[in-house]
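Next come two complexes built around chain A: one with chain B, the other with chain C.
For the complex of A and B:
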């Protein structure tokens, strides 16, 4: 297992796009230490902030995270990265495969555009987790994002496919969803605002948009399949589907093929 | 006729001639086993022969809730056609008319294979634009795509596509030469039970048994197939009859399977089961149907099936 150990707080925001197990396995320790990770003209290199220990394996541990570490795991396509601590924005953005685990909190836009793999945030996530960055066509795009703590506003904004699980989420969860599935124990106001398709399963919610219409309680086969899919990810979220559920259809301001299932 | 014997019953030293076919499997589930079986029975009706029905189909197995994707009771159905295109047409028609229409059903792929057949992706148009696609990981973590089509009892859930296998074989067969109708039917019934117990094999004729075995062509112009006169007891004594004088009835079982081994295993099981009780039920001999070996590339020689284990 390769390890990067944070020696001191980074002097500026660091871009970890190029730091992943596959890339590091091709480098010597000296070459890895010379990788540029700074985002200013100061030219901060990996070895300036981290002590580096490489063994060529497909697992990388980053000991000591920091909210200035941006795009951690963004180029991950295989293997695993584990960060003990916090990370900055765009955790796993565009990630294609593998497993990314953060024991602390993550900044905004975590898992944006991620097409594969699993991203687990043990703490909280910022706004737009699984959401689209500005001008991007889609947010989460096939990966699985699990947020054990709370997510900020606009969770899964414009997500296109994949699964997001969150403890609690802020307002506008699932806004502008293209497709995919979000399950949260509670969400804020206006869940599914502007969603076209997709599924939200929530334990509780804030104010519902007036462009959603209740269709009643339904015992659908789809819910059985969804519960089975979620069971391996989070029993707590799968249990939501075992409770009586009311279904809301919307957003009627769009093509209205989305749905919000509310557990009672 | 030769002097092969099994359990004291004469076995003709000949072979069954079978053909490469396109085959697929689907799993149909419902809230109760009863309604899953109703759907499966309806879908596999009028599916005895590819020539006349467009497909050959049958029920492979009843599945417990633990064996199905949605945790409900289910039935595994096998469907065979001449080629993938014809198979697809029949599959869509039969699922559309018999599974979609049946209260409470859902439909899933029942086998993996190299050829993709769009199923839910075709039937979704019944949803008139209201159907919803959903991609979810299955128990093994593999992403599967489903269509949720609004219907009057809720939703019909159907997997987007199913798979056709390579190596499916249709036309394995055994002919039972008996003395009386009731006794020969009993022998054939026992053979059917043993033959269909092989996973991945079905017997598409009524109760698994066919009394109207056929030969290729006929004396009437345009007939693709006509009665197998060599095995009709009322035509005994004519030139070309293959029946001994004491034979009064011939019944045949026909076997389709997803693999050639499945056909072989199923024929073996049927042959042994029939001969084990044959002497008590007037069974005279067991033979098999072929076309001289020139039409189908799969030849199942009965002498190779005499051992109980293949």
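For the complex of A and C:
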């Protein structure tokens, strides 16, 4: 297992796009230490802030995260990265496969545009987790994002496919969703704002927009299949589907093929 | 030329020297505000590119609410002149547009061109609060403006039906010959703009309906095209890694200051804009027209384009960049010339190497 150990708080935001197990396995210790990770005009090399220990394996541990570490695990295609601590924006952005685990909190835009793999945030996530960055076509796009703590506003904004599980989420969860599934124990105001398709399963919600209409209680085979697939990821979220569910259809401002299931 | 360093009056060369040394030793300088004429905006991007600074504008919240929606679904827009000349129904979204100059013209004049020429203009209000007293029909927005716009759009599509005030509002827009949706992007946010554009596009399938955003006191409408032609990107770009990187979250200067990521700010306000609170908490250089000694650590008074000297500015009425001659010419230097002087000073000395050990 390769390890990067943070020695001191980074003096500027660092870009970890190029730091993944596959890339590091091809480098010598000295080459890895010389990798540019800084983002300002001064710049920082990996060895300036981290003690580097490489063994060529497909697992990388970052000991001691920091909220200035951007794009950790971005574009990861295989292997695993574990971060003990916090990370900055765009955790696992554009990731295609592999496994990312963060023991602390993540900044905004976690898992944006991620097409495969699993991202687990044990703390909280910032705004736009699983959401689209500026001018991107979609947010989460096939990966699985699990947030054990709470998520900020705009969870899964414009997500295209994949699954997001969150403890609590802020306002506008699932806004402008194109498709996909979000399950949260509680969400804030206006869940599903402007959603086209997709499924939200929530334990509680804030203000529901008048553009969602209640379409009754249902017992669908789909819900039992969804519960079974969620069970492996989070028993708490799968249990939501075992409770009586009311279905809301919307957003009527758009093509209205989305649905919000509210557990009572 | 009026200039101050740490509150003490000084001459131009000393102030420029002090500004250059403040910027030269910074790790992550930011050029913010950009409320100036096109020449100064160009000079600001040139300076940022040479010293590896990042850029943020005074009206970025509104600008990115607009651009975020534009990049996703496009936009159906019109100009103030077309709205005044042709619109027989104007839906004013929120409270801010009621305070704009354009509202006075829309209230005072009737449509004079096109299919609606000669007819009365209906002024419709959605969530105007206490501002919309002049409206023909006013609807409150208890659940917030984005929700109110979404409901209006659902009525417009026929997905909701009923005899509510919002249904009536949607009906009036559908029956209008030339509808205009007037809004302030900062007030309704990106989600609201997105929904409003969708409403305009759907109404335009059967009649004519366009959106019109009112501009703030800043010059962001000038910065957006200048940034696009200089960098190919929207305003919030950083040059720390030599190439322009666009990142609206990372280069939000208020966030950067709060996170302690910035160690020098050049505040460019040749046209007056409200001074942000964070400016006092970071070493700063101010290039301002309405100069006071305590605006920043180093203050240089520059000419106000359109008053002290000529310059190309955003013309809200014509919805274009136009040249404004000096109305009261003075000897004050242009912001562009001060920025060029700074660039020449900073280009003389070697910029800090990107590979020095940092921590």
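Quick notes on this one:
By definition in this document, the second predicted complex is superposed on the first by the 264 of 264 C-alpha atoms of A that agree within 3 Å, B and C clash if a C-alpha of one lies under 4 Å from a C-alpha of the other, contacts with A are read in each partner's own complex, and residues count from 1 in each chain.
The rule we apply is simple: a contact is a pair of C-beta atoms (placed from the backbone, for glycine too) under 8 Å apart; a residue touches a chain by one contact, two chains touch by 3 or more.
No experiment lies behind these values; they were computed from the predicted model shown.
Superposition model on chain A: chain B and chain C are shown accommodated side by side without a clash.
In the superposed model, A:225 makes contact with chain B only, not with chain C. By the touch criterion defined above, A:148 reaches neither chain B nor chain C. Using C-alpha centres, the superposed arrangement gives chain A a vertex angle toward chain B and chain C of 130 degrees, stated as a multiple of 10.
When the two complexes are overlaid, the chain among chain B and chain C that reaches more residues of chain A is C.
With both structures placed on the common chain, the touch criterion links A:194 to chain C but leaves chain B unconnected. In the superposition on chain A, A:9 contacts chain C only, with no contact to chain B.
Within the superposed three-chain model, A:251 lies in touch with chain C and out of touch with chain B [touch as defined at top]. Across the superposed structures, the minimum distance from chain B to chain C, using CA atoms, reads 14 Å.
The residues of chain A lying in touch with chain B in their complex are 161, 163, 179, 181, 197, 199, 218-222, 224-226, 228-229, 232, 257, 259.
Residue ranges on chain B touching chain A, taken from their complex, read 29, 69-72, 106, 130, 132-139, 141, 146, 148, 154-155, 157. Residues 27-28, 51-53, 64, 67-68, 71-72, 143-144, 146-147, 149-151, 153-154, 157, 159-160, 191, 194-195, 198, 234, 238-241, 245-250, 259, 261, 351-359 of chain C are the ones touching chain A in the complex.
On the side of chain A, the complex with chain C involves touching residues 7-13, 36, 38-45, 48-49, 67-68, 70, 89, 108-109, 133-135, 158, 172, 175-176, 189-190, 193-194, 207, 209-211, 251-254, 256.
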